[in-house]
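Consider the two complexes below, in which chain A is the common component and chain B and chain C are the respective partners.
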Partner chain A sequence: MERASAASHGRKILWAVGILILATGMAAAQNPSFYTKWTNYTSANGFPPGEVYCVTVDGNRVWAGTGHGLVLLENGRVQKVFTTKDGLAGSAVMSVAVDQLTGDVWIGTFGGLSRYSGGQFKNYTNLTSGLANDLVYGVAVQGQYLWVATTAGVNRLDTHTGSWSIFNESNAPFEEPWTYGISVGAEKIYFAVWGGGVLSYDRANHYWKPYTDPDGEMELVLYRNQGLIHNIVSSVSWNPDTKTFWASTYFGLSSYDGRNWHNYLTKDSGLPSNFINAVKSRGNQVWACTQKGLSEFNPTTNTWVTYRPDLKTGRGEILITRPDGSKRQIASSSTLAHNYILNLDFQGDDLWVATANGLSHGTRQPRKVAAIPR
Partner chain B sequence: MKVRSASPAIGGSRPRNPVAGIAAFALVAVMAILVRPSVASAAPQAAGTDSGSYIPRSQYLSPVAMTLSADGRRLYIACEDSDLVLAVDTRTQKVERRVRVGKMPRGIALSPDGKTLYVSNEDSNDVTEIDAETFQVRRTLAVGWGPVGLTTDRDGNVLYVANTLGDDISLVDLKSGREFKRLEAGHYPEYVALSRDGSRVYVANLLARVAPVDRPPVSELTVIDTSRQIVAARVDVPGVIQMRHITELPASAGGYLLVPFMRPKNLNPLVQIQQGWYLTHGLAAIRPAAAASDGPKNYRVAEVLLDDIDRYYADGFGVAATPDGRWALVTASGANVVSVVDSAKLRHLLQNTPPARQQELANRLDSASHFVVDRLLVGRNPTDVLASPDSRFAYIANRMDDTVSVVDLGRMRIASTIDLGGPKEISRQRRGERLFFNASHCHQGQMACATCHPHEGLSDGLAWSLETPQLGRDVVENRTLFGIDGTSPFKWNGKNPNLETQDGPRTAMYIFRSQGFSPKQVNDLVTYIDSLQLPRNPHLTSNGHLTDAQARGRAIFFRDRTADGRLISPLNRCYTCHSPLTHYTSRVSMDVGTATHYDTIHAFDVPQLTGVATRQPYLHNGEALELEDIWTMFNPEDKHGITSDLNKAQLNDLIEFLKTL
Partner chain C sequence: MKGRNVVFLNIRNGFAILIFALACILVTSARSQSTASTPAKPAPTAIPYANMPPAAVPFGRYRKPYQDWFVDSSTLEYYGAARERPDGDLAALKTINIGFLGPLDANNYDSPYGIAMLHGSQMAVDDANAHGGYHGKPFALKVHDDLPLWGASSMAIVNMVYDDRDWVMLGSVDSSSTHIELRATLKLELPIMDTATNDPTVTQTRIPWLMHNFPDDRQQGYALADYIFNQRHLKRVGILQVNNRYGRAGKDVFFETARRIGHQPLVEVWYAPDTTDFSAQLETLKSSGIDGLVIWGDAAQAGLVLKQMRAMGMRQPVFGSSRICYPEVLKIAGPAAEGLVTISAIDPTRTDPAWQQFRQRFLARFHTEPDAYAAYAYDGMNIAIAAIKKAGLNRGTIMDALRQYEMTRYTGVSGTAFFDYTLNNIAPVTFAEVHNGQFVYWPEQRTDWHGKPVSFLR
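The block that comes next holds the complex of A and B.
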């Protein structure tokens, strides 16, 4: 009897623990976690001063492009700041791409293109290679090809043969040659063209297709959701999970899934600004790097969350915009280094964010934030 | 140190008995004392008689790379001229199997289980996979341009192949037989070695990185991490070129990587040849980084010379450490000598030389006396060297003799010479080839033709201060010997109307600073040089058609009007000076505005454009490191063709066309 009673008592405890765990889980589900732990790398702690133009994660390595060189962080620690003295092509580093196959790191600078491999830099410039222009904004790896976005069009380098190709208004539908960003998809490669919209290059059939603003208006949106929101495109991001490309412009955000366009503006979304420097998308996440904070958009729930230092006080704030347009603001004990966001990359669930005043590392935390009275 | 020539007659099938060996040694020692032959006159005994008759080059074997079975019983040999791989029984010293492979086999590797051979075929850009027992060809694996050195990883899953002409390394999945990755190497990667722990593949690059010609060369040891299959380090080896084979001493012997090199003083006037110390030859001794701390700065590079003060051992090629770590053997392919390094003494020297004085070792001609314990005269043009698993014997491939020398390491003497069965008649071309690789014609044996034209005729990529009335002026870039038949005159000043003039008294007087070649030898040498062909050009499509970019570039090359329709003067059209009728050279000298204030002339011999893709750097003084530089930096007045009207895309197209030539 005693043994049976003890067994019954044990089962009750197990049930109680189980219910507690379930309840805790449900509570957690109802209170989604936010990025509330931010570690900032700024001139205050020895990071190069000023803007961080780009950030690229490669395993436990993080490459950050600044106006004063290329920073390598490993496991959250700054290992090295590479400058032109180390062999880097230019001081202002605008883009970094890691070839996952070869391990080579390709770096776009305002002094040309660099390759970092085995601890040595090799440079490619307009004078010494087939590079179209030394102002390199974007780099991306597609198998044995390297794609390079420059102010004078797009380059493709065949790394096996050393052959350079140039694509610009003379041989592709570029309205403007000034190209900012590149995103490699399974079938197409997408290019963000300043003033020229988005261009795609079909990898198998070798043809180009432009995506431009149907109304052609610089400031107005006449045809909502009928095409790209604006032709001044700052970056493009192909999301393989949703088969959609996202384009950030200086006048709003656009997405295209092959059938439908969706455009987003501050007036009818959670975007804190229509001036967007970069966009990156994966799964159900769309991250917009705006001049007034970093926004995460979930297209499935139509919810926006913006992270930034308060524009007046500098304290951390998280702005939530629900599908019905209602907004909520909560405080965060730490926040991004600056609200002018230039770029970001993912490290698992963590974020690395390039801002106008340093690099920020964000970690998602269970909710421990207090609501800010409105 | 005298070179020891104790080679028995060709065809000796096995090591002699000890008494006979001692007697022979004593006889040779007495002869050596009586005759006192100089090293320069110590020509190796060799099979064959001279012949003026035509014998195709493919009849000769030219053993160039070897590997041994794990039990040391079978020696596998790649023979580059005959396209054959041989298997030699090391006990009977007879060739027991042979198999035909691709064009110009240059490298050979055995799978870890010993069942499969991989042979790189430089001229057919592939690797032949062979059953090591039956010698049946299993399959052919496509790789990059000009494969030479190769090795599998420790598990035998991945094959690493150094593509010499492509400047890269192919990684082949041995299950599927497909190349799945290509890593960029340094410049002309030739030979590779798997580290003893299997964690790294080391790649030695023959030529220095392409860099401004007024700086000493810097070569690269490329290090591949085999777990991640990426380039982990590009290690600078300063001041040297022509790194070839690699061996790793056991940890008990210091764990150094040893790589033969040549150390040129090309920025000094060539007249210094007659003072010596102009071209020196030695070993890079590189301490690898621990696996956990890679990166080039974690590799410590020291350099030591193998030369003696008054005698040089030109063109280091093969190197092998005995498994017990006691010896390292280095072939001097231009001196027909194997230097025997006592690795303990070498280690002692390196460890007891303060870091601040390490650099001195690279320049001291007395260093070798500290660690070279013997010099053994072997066959002609020794290339690869291997040590037997029991550390008792070493095998040396003598490329120009079609033989293998067997060294008894216990007695430190040549035990026997294995005749691989090449023709006994030596053709004129073959005689010329032997001369090409032989440094004995140069003052103190500092250099052979092959020293500055490695890889059998290549340019070494260096600028040299040749003879001139004003020392230090007229520094000129070396030129290739591939495909030069019909491109006379020679030299950048165009003064030599033919190769006989180039290679005859002029070479003796201004380059070798010695007696030079006899008229008959000059004829032989010219016959050989004229036979050197350009390698296959991978920039051409398999059907020979030009790509769109190449076709656009061709149209630019042959245009006679500028972009805005103006007529281009005939003298300023590409095809006038680079005539397609004669190897893309007009065979005259032209002033294209590239002379500098260091030059005493302004017009230079128009170089042929055939094979131009493999000939970095460019222009007479090597100032143009890339083809682009010729027009973006060194043609400001449109004297080197009208190019200022070309946009960047058109210039790229033009270069794409030139690369097909």
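The block that comes next holds the complex of A and C.
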């Protein structure tokens, strides 16, 4: 009897421990740590006013492209604002890429391409180089090559020889030459093409492959996971961990893992807006820069978390959308500089976010959060 | 924290696991009470996108799309920061600058349209200044030539924002240039009044910074298809298009509409913009057995085509896009133009005072009749100036003022426009037919695609 009782007691303990572990797991799954500490750099504290179009992290340095030049931050402090007076090709800075081998900083502006090296700017324009157009939206480094996304096609600059190549509708399957963004993968390079979908370039075999909206119509999406959701693609991000590319459009979000497409709209996901300026993905994280906030999507758990100032009150809020579609809203004592998000980059686990009204630095915090009742 | 489901958690504390489990229950309970509803469905609109004929809806016979765009007021929603920018300092400004981008160089194929557009814009600016400008400060047009070399004018909008410091811009004719400006303005946030582009895709981007009042290729294509197949009952149509973006975009709309309603064109051929001998194209069309020809191109080439096809014995009726409706086609084709039916972006024979006064003033000042490009530029510039006057010197609120035209009418010298949720003018177009050597105009009378006339948007 005693043995039976002891065995029964042991089973109860095991059940209790099991339930506790399960409860802990559930709690942890439902309450992941959030980005609740935000430091904002705006005109209120000396940052250039207005939009921050792009942000690129390089170690402890952060480069931010604004409508009034290029900002360099080191260890979280503004070190210098470079303008056309310093030699920058244009005031509106759309993209920045750092060559990790040389330390050169490549800057795409509305005014041409700039290289910042050794404290000096060298500029490349349509008239002075092989640059296809002076409206430069994207730059990316691939070994010795610099890829440039312009409004008149894609350039590749061989930085060793100085020779330029141009790719547009005359030598590659561009439906339109208007190129927005670039993402470099180990095997392929992906391009976001306005009106032309996504293009990939095979690095080894030198061929191009287009991914376009299969329904071919601007005014509709025929099937939910039909393929690319729309041809107006604002950015693309290759995730080497999941071997998937993500494409942001002004008509929703798309992903392709080489076999299946998945599309996301506000009506079937936690996206706060279908108007998405940029996307970046790593590991299980997909970050969508929308005009109604910054969203993190975890495709494994099918959970969305959106950070933004409340669109009416401006107070910080975190919106969670679970796989069943249920939503939860959490107050946050600090928040992003603006809800209109243009770009972001990672610094370890930290985020640097370009918004319509300044740059934001987000840090995950052990939480102490309050759920806002509805 | 009274009455709130406040939960403080500390996972690091092992003992708190039990509290944590309890919290899960509480959170779940709270969630069930606080679950947000999914966004409300947009109210159905009474007007299909672009006033599209039911028979021409893509995939309309097969399935309802998973998502329809451009059919509700969220189409151009804007949550950026433009409205939060400081207003312009009126006291520090000598002029209230407005940008202009259009093809002006005489060597540019499109310069006749660009010059007319500039003249219409200048008249509107001068009219506004004659009425006091903006709080006593004159409006000033900052003119940029849209160069024929592709992409060469791409920096124009950058200069308008950083150098000219314009509050709004007007332009251009070429749809590639307009697309470039459109994408740049998504970043730079300068409102665009587009008064001349035919390309329907410029208003299919969800970018809220552009308003478009010229009848685009969709409106022209739908009207022509309805007229040709439902009212003239032709069945075997051929297409002849100029090989540039204007010709390609326009042809595509007409071709797709015709195909969807069961009258796929038998043949489509193209010609280079400087073509004078069309015998090769006409031989192809003749041998195809067409019973009608649609030309998407310009007046001079259409005149030559008419002359040469009649000389070859081809008697098929000919239809054309709005750029063909110019006196030049009559002059070149002569009697061969008889019976030609085209879309016209305006009816220049209207007798209403607004048009007549504009026509007379334009004629007196520029010594030429105003065309559609002049009329729509005049109206577009008036809309832009009114937006500045209403909203003040803030590009964000000027954009808001333009957006207030969504789903409303505007009557100007070009006629009455109706702007849909994309801020595109989808009002009925005008037809013109050559009769006794002159164009005779009548308003589009679309059918229900079963032969019965319907009234819409008038």
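Following the convention adopted for this analysis, the second predicted complex is superposed on the first by the 344 of 374 C-alpha atoms of A that agree within 3 Å, B and C clash if a C-alpha of one lies under 4 Å from a C-alpha of the other, contacts with A are read in each partner's own complex, and residues count from 1 in each chain.
Assume a contact is a pair of C-beta atoms (placed from the backbone, for glycine too) under 8 Å apart; a residue touches a chain by one contact, two chains touch by 3 or more.
Everything numeric in this text was worked out from a predicted model, so none of it was measured.
Visitor: May I ask you to decide whether A:Ser129 touches chain B, chain C, both, or neither, giving the answer as first, second, both or neither?
Guide: It touches chain B, and chain C stays clear.
Visitor: Would you sort A:Gly46 into first (chain B), second (chain C), both or neither based on which partner it touches?
Guide: neither
Visitor: Of the two partner chains, chain B (first) and chain C (second), which one does A:Gly348 touch, if any: first, second, both, or neither?
Guide: So A:Gly348 meets neither chain B nor chain C here.
Visitor: In the overlaid three-chain picture, which partner chain does A:Thr266 touch, first (chain B) or second (chain C), both, or neither?
Guide: In the superposed model, A:Thr266 contacts chain C only, not chain B.
Visitor: In this superposition, which partner touches a larger number of chain A residues, chain B or chain C?
Guide: If we count touched residues of chain A for both partners, the winner is C.
Visitor: Quick check for you: in the superposed arrangement, does A:Ala152 touch first (chain B), second (chain C), both or neither?
Guide: It touches chain B and chain C both.
Visitor: Touch check for A:Asp104: first (chain B), second (chain C), both, or neither?
Guide: Only chain B is touched by A:Asp104; chain C is not.
Visitor: Please indicate which partner A:Ile166 is in contact with in the superposed arrangement: first for chain B, second for chain C, both, or neither.
Guide: So A:Ile166 only meets chain B here.
Visitor: Just chain B (first), just chain C (second), both, or neither: which does A:Gln144 touch?
Guide: first
Visitor: Could you give the residue numbers on chain A that contact chain B in one complex and chain C in the other?
Guide: 132-133, 152
Visitor: If we count contacts the way the header does, which residues on chain C are in touch with chain A in the complex?
Guide: That would be residues 1, 3-9, 11, 17-18, 20-21, 23-24, 27, 30-31, 33-36, 38-39, 49-50, 58-59, 63, 65-70, 77-82, 84-85, 150-151, 154-155, 158, 162, 179-180, 183-184, 187-189, 201, 204-207 of chain C.
Visitor: Could you list, by residue number, the parts of chain A that touch chain B in their complex?
Guide: Per the touch definition, chain A meets chain B at residues 101-104, 117-120, 126-130, 132-133, 144, 152, 159-161, 163-166, 168, 170-171.
Visitor: Hey, which residues of chain A end up touching chain C in the complex?
Guide: 19-20, 23-24, 26-28, 30-31, 49-51, 53, 67, 90-92, 94, 110-111, 132-135, 151-152, 178, 194-195, 215, 217-224, 226, 232, 250-252, 265-267, 273, 275, 291-292, 311, 325-329, 338-340, 355-357, 367-374
Visitor: Within their complex, state which residues of chain B touch chain A.
Guide: Contacts found on chain B: 144, 166, 168, 181-184, 222-223, 228, 230-234, 295-297, 538-539, 549, 625-626, 628-629, 632-633, 648-649, 651-652, 655-656, 659.
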